[in-house]
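Read through the structures below before going on.
Two complexes come next, and they have one chain in common, subunit A, joined by subunit B in the first and subunit C in the second.
Now for the complex of A and B:
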């Protein structure tokens, strides 16, 4: 089901607006992540989609239908909560059957459907157990099966992986992606983990301060951040952000003067600082000192000192560790300039605007 | 040192156990004594010959069959009624959002500070205006709501996360269905505990049934025990024999359900 928000505003107390004039469309059959720091409005947006919350102003559409005034049941959403919210006194099978029981399906139909779903999420050998006897990952699977039981118009997941350990998170996010592809259900996934969002989404909506900072594919989000917040929030290691003035000498003649004069902050992805012999599309050459090398498994980072500013690069692995001073290349790809409001004015896809 | 502490601990616990058991032992022992033995000094701990006949005589002394039926009716109806109203109220206080919820809860909480004895006269006046004295109505009506039960259940319902409530709503459950399909089964141990406490309280209740009934046919078991106290004095042997068969059902209930009682009281943070 396609979900459309038109000018949706939410305020709990009538004074402070939690969400401000939200406009977006979630395409049918896609998996969209709502990403952002805590308190940014992700879960609130999810609850507005679910119908557990009603907007103060604006309209919400499922397909062509205005569902603003409808509750969660009428909207036919399926939801998975952070703590799974399984019913502890019911077996796995009865948990999955519960929405079907409420919908008035016969016992036989319920059992058949529950078994199908259990097989889909790979818990078909746990049907008689109580949730308390299952591991976190298995509980998660049961919660997804229960949410899918009534063939929801849309599947909502509220930080579903945050209670799992690191390895299981990766396994489960792949599972969620698989299940979403197999069922084709439109899915909205809330997370504060950019890595998670980058891996499973068709599109990511970055929410901060009640606004949509950017809503695009993971690749675009990384390569063409629309503002400084997105550039800093997405990417690991974090983008180098330095005052643009520190680079103005080296950028003169490379970046148009009118842009350079407006620029407040420069954002440099760690992979945009590379050795001259490996450069692909160099913007300019900088000179600096190596402060420190760090090796993490197959990844390595170098801390560089440029004009007394510290920059991190991930492309200096080949450099001998006793290197002190060097020339290094600033690549065009992965270099951005932002104005005083944080809006991107240089770098990325220049044709985007 | 550790050993001394351990011995001391057991000594105190043993003493406590003896203090708890002593009245019951005294009741059983007295119920099997002859009349003179009951008031003999120094006290007789074990009767010389066991007077089993006391039980037969005690049972015949008053219509205990009728009293038993009355006690069962009053206990069952008050317990079920009180549980029903308390579950609904506790659900409202725990999961529904309505204007004045906290204020109302505080007012109800305040009523717990009024001693029960103070309510006897107003309740009696009300019920006699309703012409309910000497009926089951009088025995049952005042006990159909209990804020203690509401409070205990609310604490338990609060421990069920709001996410579970929302999950059930999304699954298509109305408030009513969520309450009976999810919340009540999840709170089984506390509900069992308050049920048992209510059954025992109701079964043993003495003052209220004594006041609102004077018809022989409407009396409950504890009130019926008065039959052994006359102007000429009290027949302790028969009284204790009758007391024994009056409390036996409750002892059985307690023995089978004690783990729920303990769990329920420790959950609510209240001492019964």
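Now for the complex of A and C:
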């Protein structure tokens, strides 16, 4: 089901607005991540979609239908909570059956459907256990099966992986992607982990400060961040951000003067600093000192000192260990300028040539 | 250390920590229990010199044949069945309502808790007035809906209901507080999940509240059953030192009290105590057995 928010505002206490005039469309059949730092309003947005919360102002549509006034039951959403919220007194099978029981299905139909779903999420050998006897990953799978049981119009997941360890997190995010593809259900996935969001989503909505900072595909989010917040939030290692004034000498003549004069902060992705002989599409050449060079497995990071500012590069694997000073290239791709409000004014698709 | 192996030294140290409490509980709990078990087999006993000249089962055969004791057992069972279920249901209902109110709940909580911290004698005084046949509050209220006055405390048919009503009321406060604790311990996530799963308020109550509250309900019930089997002060205070009109409120503990303090039949008193002990034990074991299946921890 396509979900549309029109000018949705939410305040819990009538004073502070947690979400301010949200407008967005989630396309049918896609997996969208709500991404942002903790307290950014992700769960609030999810609860507005589910119907557990009603907006203070604005309208919510499922397809063409205005569902603003409808409760969770009428909206027919499935939801997976962070701590799974499986009913502790019911077996795995009874947990998955619960929404079907509420919907009035017969015992036989319920059991049949529950077994199908258990097979889909690979817990069909755990049906008689209680949730307390399952591992975190298994509980997660059961919670997904329960959420899918009533064939929801939308599947909502609130930080579903944050209670799992690192390896299981990667496994489960692939599982969620697989289940979403197999069922084709429109899915909204909340996370504060940019890496998770980048791997799983068709589109990512970055929420911060009650506003949508950017809503686009993972690739666009990384290559064309609309503002400094998004540029800093997405990417590992974090983008180098330095005062634009420190670069103004090297950028004069390369970046139009009117843009350069407005620029406040420069953002440089660690992979946009390369050795001159490996440069692809150079913007300009900088000169600096090597502060530190570390090799981790196949990855390496070099800490460079440029005009007394520290820059990190991940592309200097070829650097010989005794190098003290060097000329290095600033690539066009991965270099951005932001104005005083944090808005991007140079780089990314502004600068497509 | 976390992986310390128990040694003689550490075990003795552990026992030493327990010793003071153990000594107190041995002296004041375990010894009297053993003593009263033994006493129930004394058939000839000089209480003042603590000399037993004969042992036997005659105390138990006496109880077996004593119509007063039969009455006491019957009244006790009626009392337990009259008080416990209603008490549990009413306290749960009030706790659910208090849990919904946000602002004045603590004031109500205090009000309901008052009976628990007030002495039974004082409570019984007030109920004595409430039950008064001529100018009592209850008869006045019944009069408003056209019911003839009832002689609550002097009519053998109404003395037991009067005792049950007062006891239910007296037990509410503590149980409401326990239920409120239990309700607070149920994570709201379960209700949200149930709401998403399509459960209306009633289904949420039966599928989330009842099962997740069951450990507390079990505690309240077991506690209530044991307490009700041992009922005494309420009777003594409400009927001013008697077991009610024509013994209509004679219970096992009241019977024991009379045998011990007014008739000086120590062996019989002790034997009735033993019977009570096993009655409570059996009922509690039944409850435990039931809880295996129906209480979800």
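The rule we apply is simple: the second predicted complex is superposed on the first by the 350 of 353 C-alpha atoms of A that agree within 3 Å, B and C clash if a C-alpha of one lies under 4 Å from a C-alpha of the other, contacts with A are read in each partner's own complex, and residues count from 1 in each chain.
The rule is simple: a residue touches a chain if its C-beta (ideal position, glycine included) is under 8 Å from a C-beta of that chain, and two chains touch if they have at least 3 such contacts.
Treat the numbers as computed from the prediction; the structure is a model and nothing was measured.
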Subunit B and subunit C placed together on subunit A: clash or fit? clash
Message: If we overlay the two complexes on their shared chain A, which of subunit B and subunit C does A:57 touch? Say first, second, both or neither.
response: neither
Quick one: classify A:119 as touching subunit B (first), subunit C (second), both or neither.
-> neither
Touched partner set for A:72, first subunit B, second subunit C, both or neither | both
Using the touch definition from the top, say if A:257 reaches subunit B (first), subunit C (second), both or neither.
neither
Subunit A contact set shared between subunit B and subunit C covers 50, 52, 71-73, 77-79, 81, 83, 85, 87-89, 98-99, 102-103, 146-147, 150
In their shared complex, subunit A is touched by residues of subunit C numbered 187, 189-190, 192-200, 203, 207-208, 211-212, 214, 296
Counting only contacts in the complex, subunit A reaches subunit B at residues 50, 52, 71-73, 77-79, 81-83, 85, 87-90, 98-99, 102-103, 146-147, 150
In the complex, subunit A touches subunit C at residues 50, 52, 71-73, 77-79, 81, 83, 85-89, 98-99, 102-103, 146-147, 150
Subunit A partner, complex, touching residues on subunit B are 161, 163-164, 166-173, 177, 181-182, 185-186, 188
